[in-house]
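Structures for review follow.
Here come two complexes built around chain A, the first alongside chain B, the second alongside chain C.
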Partner chain A sequence: MKLKPFRLSVLGLSLLIPAALCAVVLFLAIYSAQAVSFNGIDFISGITWDLGNLYGDPVTVRGAQVPPGASYGILVFIVGTLLSSFIAILIAVPLSVGAAIFLAEAVPAKIRPVLSLLVELVAVVPSVVFGLWGIAVLIPLIAKYIGPGLSAMLGFIPFFAGGNAGGGYGLLATSMVLALMITPIIATTLLDALLQVPKENRESAFALGATHFEVVSKAMMPMVRTTLVGGIVLALGRALGETMAVLMVSGGAINILPQNIFSPVSTIASFIVSQLDSAEQDPTNMAVRSLAEIALVLFIITLVVNAGAKLLSSGVLNVRNSKQ
Partner chain B sequence: MHIFKNLRRSTLLRSGVAALALAAVSAGSAQAATTLVETGSSLLYPLFNIWVPDFTAANPGIQVTTTSTGSGAGIAQSMKGLVQIGASDAYLSDSIVAKNPNMLSIPLAISAQSINYNLPGMAGKHLKLSGPILADIYMGKITMWNDPAIKAINPGVALPAHVIVPIHRVDGSGDTFIFSQYLDKSTPAWHTALGYGTTISWPAVQGGLGANGNPGMVSASASNPYSIAYIGVSFKAQIDKAGLGTAELKNADGKFVLPTTETVSAAANSLATDTPVDERISLVFAKGPEAYPIINYEYAIINASQPDATTAKAIQTFLTWALTTGNDPKYVSQVNFLPLPPAVVELSKSQIARIQ
Partner chain C sequence: MSATASSKSSSAKRSSQELRRVAISMAGWTVCGLALFMVIGPLLDVVWVVASRGISVFSIGLFTTVTNGTGGGLANAIEGTLVLSAGALLIAVPIGVGAGIYLSEYGNNKIGSSIRFLSDVLTGTPSIVLGYFSYIVFVTSLGWQFSTLAGSITLAILIVPYLARISELALRQVPVSMREAAYALGANDPVVVFKVVLPGALSGVITGVLLALAISVGETAPLIYTAGWSNYMWNGQLTHSPIGYLTYVIWSFINQPSDESHALAFAAAFIVMLVVLCINIGVRMVVKRTKFI
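Right, the complex of A and B next:
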C-alpha cells in the first residue's frame, strides 16, 4: 500500500510518452483532415506540388477554398526519402559492420574505449555540421571525382549513367551524408552486442580449428543479427527524418523524379521545412494543412519501416533459436 | 483558498517575489521597459541588428528583440499577435488584407536583386539578359548558353556550347517573390503558367537545382559551372568573392542596366508617386531608361490595433526612428539597401499614425 503514490506517479509519467505520441498523431490527423479530403489519392501519386497563386483570390475547388492553381502531389518527395535512406543504409551497413568487427576483434582492449568513443562522437555531431561538410567537402569531391568515376565504372547501368547532373548536389550527396550520420549508430549498437557474445562460443569455434574470419562470421555474427537489425532500424529512423543536412545538399528537387543517382532530390522532412514559410502566407490555410498531411505520410512510412524491421528481426531470432 | 494561504506563507515564494521586483527595477531606469519582438525576413534581419543598438541607446525605455525566421513566419506571427513587428520582403496579399483589415504593410527600406552566373572565362564581363530569356531558361525552353536568343542580345560574346544549370530557392523567399514578379511582368507565358510568389512550382528542368537561402545560392552557383541564379544584393560581397558574373537586365524601357545605387534609386523614384496609401505595390519592372527592374520595398508587417497603448506607442517610436534616423545611408548601405524616397517616408508615417 505504501508504494501506491509512487506507483501512481510512475504510471503517470510512463503514460506521458504514449500520450504525447497520440496527441501528435491526433493533431496531425485532425489538422490535415481537410487536406486529406481535398487531395484524395492524387496526393500520394501526383508529382506536381504547387502552392498556387497566394496573391490571387482563393477559388473553390472540390468544395474547398484554395489559392488558384493549387495542387499538392508528393510522390517526388516520397521517392526521394525512400531512395536516399535506402542507399544510405546500403553504404552504412558494410562500413559499420566492418568498423564494429574491427573494434571488437582486432583492437587491443586498452585502445578500444578510445576508438569506440571516437565512433560514438560522430553520432553526436549536429546534422547542420554534416550539411556544411557536405557542401564544402563532399559536393566538390562528387562533382570532380566520385561522380565521373562512378559513371565511368558503372555507366552501363542506367541508374549510374548521365555524368553529374547538379554538380554534386543530389541523391548521391544526400545518401553519403546520411550514411556518415548513421554509421556510428549501427556500429556502436553492433559493437556492444559483439562484446556480449559469450567467450565460450568464440573459444570453442577457435578450438574446432576455425579461422578468425570463420569465428567472426559463423560463431559471432549469427548471435548479434537481431541487434544488427535493431541498429539498422534506429539508423533508418534517423535517415528518414533527417532535415537540415539533407536540405543543404539534396539539390531540392520539385516536380521532377530522380533520373539517376546524381539527380537532385527532396526528402519529405526537408521539403516540409523548406515550404512552411511560404505555406504560412496561404490565406486559405490549405498549404499548411497539406504539409501536415505530408507529415502524416512520413509518420506512416516510419511506422511501416519499423514494424517491418521488427517482424524481420523476430523472424531472424526464431531461426537462430531453432538452430541452437 | 487554503492552498493559496499556505503558498503565501512559503518563504520560497516570498524570495521569488523579491527577485522579480529586483529584476523589474534593474531592467528599466525610470519606467519599466517595453519589449518589442521582431521576427521574419532573413534579408531584413541584419538591418534590424544594425538598427537596434543605436535605437535602444536613444530610447532606453524600449527593448527590441530580433529574430530571423522567414517572411512567411513574420507575417503569420504578426497577424496572430505573437510578435509586434513582422519583417517581410513581400507585402500582404489582397485576400489577407480583406480578411484582416488591421494589418499594415509599412516599407522600411529598398532592396534589389542581381542575376548572377558562373561562366568560366566570362569573369568581369556583364552578360545581357532579359525577362523572357530568364523565363525560358527556368521553364526549360532555353537549355544551352549559346542559344540564338541569348546570342542575339550579346553580339560578339563567345558563349559556351554548354547546358545551363538554373538554380532556384527551395525555401520560401522574398527573392523568389521579386524574381518571379520580373518574369511574370515581362513574359506573358510565365504569367499564365506560373505567376509569382515566395515559392514557385518550378517547372521540371533536367539538371536544374534548388538551393537553401541566399548563402546556399552563392555556394551552389560557385560549385556549378554554367549555372545561373538570383541572389539578393545584400550578398554582393559573397557574390564577388565567389567570382560570379552579374547580368545587365533588360528593363521596361528596353535598356540593359546593372544593379547600382543609381539604377535602383531611379526605379524606386519612378514608382514613389505611384505608391498607394497602403503602400502595397510591386517595384519590379519599373518604367524609366535608368530603372533597374528587380527591386522591392522591405516591409514591416504591423497590426494596427495593439492590445495596449504603451505597446502601440513603442512600435510607433521604433518605426518612426527607423524611417528617419535609421534610413540614413550609414545604416542601410551596410547591407546594400537604399533609403526610401521622401514621398514614401511620408506615406509610411501616415500608416504608422494608424497604430493604436
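Right, the complex of A and C next:
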C-alpha cells in the first residue's frame, strides 16, 4: 500500500486531541495517587477540609507525609455541587420549556430568529460576567425581596426558613445564576425538536378540535420528550462544572453542609479555585495532590453525565420514529 | 359526553367545558410568554448594567495606564488578554483545522468516530479541570511558574475541540463533486484540500476561529491557575513570569471595597462582553442558524 504522508500528518494532528484528553486524565491520576491512598474513602464521605498546621513539622500518617492535623474530606463540596445544580435544573426546566414553546408556536416566524438569537446569546456570556451581574443585581435582590419573600411563603418548610441569612450569597443565588446560564441549552435543544415535529401530527391534533395550546402540550410535547431529557442532562453537565459565577455568588462554605436554601455553599469547581493560595503553602504538597483528586472526581462526574446526555440525544430520532 | 343528557344541557355543558379549555390555553400561553421574558430579561439586564456602569468610567487613561492595587487602568489586562488569546489560537488553529480536515476528508471510519467522541468528552470537561491539569504539569512539574505559555496552552486545549468540530462541519459543506473534479484533473490530497476544499469552506473555518477567540477572551477559571496575574505590561517572556488578563480584573476587583475597583471591574466586563457578543452576533448574522454550542 502506498504511504500517504498528507493523510498521516492530518491524522497526527487530530490524534493530538485524544492525546490531550488522555494526558489530562493520566497526569491528574498520577499526581493524585498519593492523595487517593492517603485519603481513602473518607475523601468522599468526610466533611472536614483542614490543611493542618502548615508551619508544624510534617508527620507521617498512613504512610504519607502530611502537615499535623490535616484532613481532606469533600462531601460538603459534592453536596454543594449536586444540590445547586439540581435546584438550578428545577428552576431552568419550566422556564426553558415555556420559552421554547412560545418561540416555536406563538412568535411570528419573522421575529423568531431575533428572539432565539437572544436566547442563544445567554449561553455565550462569559461566566465571570454573570458572576459580576449576580453580585451587583441578583444578590441585593435576594437579600431584600426574594429571600424574605420565600421565607414568608414557604417558611414552614425548614429548607426555606431563615430569610436572608447570608446577605444574599448562598445556595439560592448560586442556583439562580446557574439556572440562567443553562436555560438556553435546554431551550434551544427543545426549540429545534419542536420545529421538527411533522406538520401532519400538528394538523391531526387541530382537526380533532384541540386548541392551539393543547396541540402543543398534548400532541407535540410528548413527541419531543426524549430530546428534552437529553437537553436537561446536557445542561446538568454544564452546571456541575461551572466555576466563576458560582465562586462569586455562592458565599463559599467550608466544613459545613448546607442547612437551607440560603446557606453558603461551595461547589467542587469553585472550591478548587478558592483553595489555590492556601494549598500552595503546604510543604508536603498533600493539599495540592488532594485538589488534583477533587479535579479527577469532578471530571468523572461530568463524564458520566455527558455520556448520559449523549446516549439520550442519540434517541433524537424519536421524532422521526413516531411518524411511522 | 354522556348519552343520557338532553341535547340542550349537553351543548351548554360542552360550551362551558370549551370555555375552560380556552381559558387554560390562554393561561398556558401567558405562562410560556412570561417564561421567555424571564429568560431574555436577565440577559438584557446584564447587558444594560454592565454597559451603563462600564461606559461611565471609560477614558483615555483606561487604555494607557496599568492597574495598581485598587484602580488605575486596564492597559496591562487588555494586552495580556490579547497575548494569551493570540497564543492560544496560534497553537490551536493548526491542530484544530488539521483535525477538521482529517475528520471531514478521511475520517469516516472507526478512528474518525473515536476521535470525534473523545473530542466531545474534552468539550464537556469543566475548564477548571483543564486549568488544574496545566497547573500541576506546566506550572509546578515543569517549573514554568505562572506564565503566558502555560495560560495559552490551557486555552488551546479548551478551544481545540470546538475548532475541530466547526472546521469539520464547514469542510463537509463543500460538495463532493468538487473534490472529484479536482482528483480527476490529477490533483493529489494536499492540493485538493488546500486549493479546493479549504478555500470553499474558508468562511466556516474563520467562523470557528472567531468563536474560539470569543471563548478564550471570556475564560477565567483555567487562567487563574496558569497565567497568574501581573500589574505590569507583558515583558515578552513566555515562561517564568505571570501575565494579567481582563477577566481576572472582573472577579478580583469586584471584591475589593473601593468604588474605583468596582468601576474597573465593570469596565473590564464591558470590554469582554462587547468582544464576545459582537463576535457571536456577527457570526450568527452571517452564517445561518447553525448549532455550535
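Worth a mention:
Just so we're on the same page, the second predicted complex is superposed on the first by the 282 of 324 C-alpha atoms of A that agree within 3 Å, B and C clash if a C-alpha of one lies under 4 Å from a C-alpha of the other, contacts with A are read in each partner's own complex, and residues count from 1 in each chain.
Simple rule for what comes next: a contact is a pair of C-beta atoms (placed from the backbone, for glycine too) under 8 Å apart; a residue touches a chain by one contact, two chains touch by 3 or more.
Remember, it's a predicted structure, so these values are computed and weren't measured experimentally.
Aligning the shared chain A places chain B and chain C in steric conflict. Touch criterion met: A:G69 reaches chain B, while chain C stays clear of it.
Applying the stated contact rule after C-alpha superposition, one finds that A:A143 touches chain B and leaves chain C untouched.
Of the two partner chains placed around the shared chain by superposition, chain B is the only one that A:I254 touches, whereas chain C remains out of contact.
When the two structures are aligned on the shared chain, A:A173 is found in touch with neither chain B nor chain C.
In the superposed pair of complexes, A:P58 makes contact with chain B only, with no contact to chain C. Judged by the touch definition given at the top, the superposed model places A:V79 against neither chain B nor chain C. By the touch criterion defined above, A:V124 lies against chain C but remains apart from chain B after alignment on the C-alpha atoms of chain A. Contacts of A:Q281 after superposition: chain B is touched, whereas chain C is not reached. In the superposition on chain A, A:L95 makes contact with chain C only, not with chain B.
After superposition on the shared chain, chain A has more residues touched by C, the comparison being chain B against chain C.
Overlaid on A, the two complexes show chain B and chain C touching the same residues of chain A, namely 135, 247-248, 273, 276.
Against chain B, in their complex, chain A makes its touches with residues 48-51, 53-58, 69, 71, 135, 139-140, 143, 165-169, 247-248, 250-256, 259, 264, 266, 273-281, 283. Listed in rising order, the residues of chain B touching chain A in the complex are 69-73, 75-76, 90, 93-96, 99, 165, 168, 170-173, 195-199, 201-212, 216, 219-220, 223-225, 227.
Within the complex, the chain A residues that touch chain C are 4, 6-7, 9-11, 13-18, 20-21, 23-24, 27-28, 31, 94-99, 101-103, 106, 113, 115-133, 135-137, 180, 183-185, 187-188, 192, 211-214, 217, 237, 240-244, 247-248, 269, 272-273, 276, 288, 291-292, 295, 298-299, 302-303, 306, 310. Within the complex, the chain C residues that touch chain A are 21-22, 24-26, 28-29, 31-36, 38-40, 42-46, 49-50, 53, 94-95, 98-99, 101-103, 105-107, 111, 114-115, 118-122, 124-130, 132-133, 136-137, 140, 157, 160-161, 164, 188-190, 193, 214, 217-221, 224-225, 247, 250-251, 254, 265-266, 269, 272-273, 276-277, 280-281, 284, 289, 291, 293.
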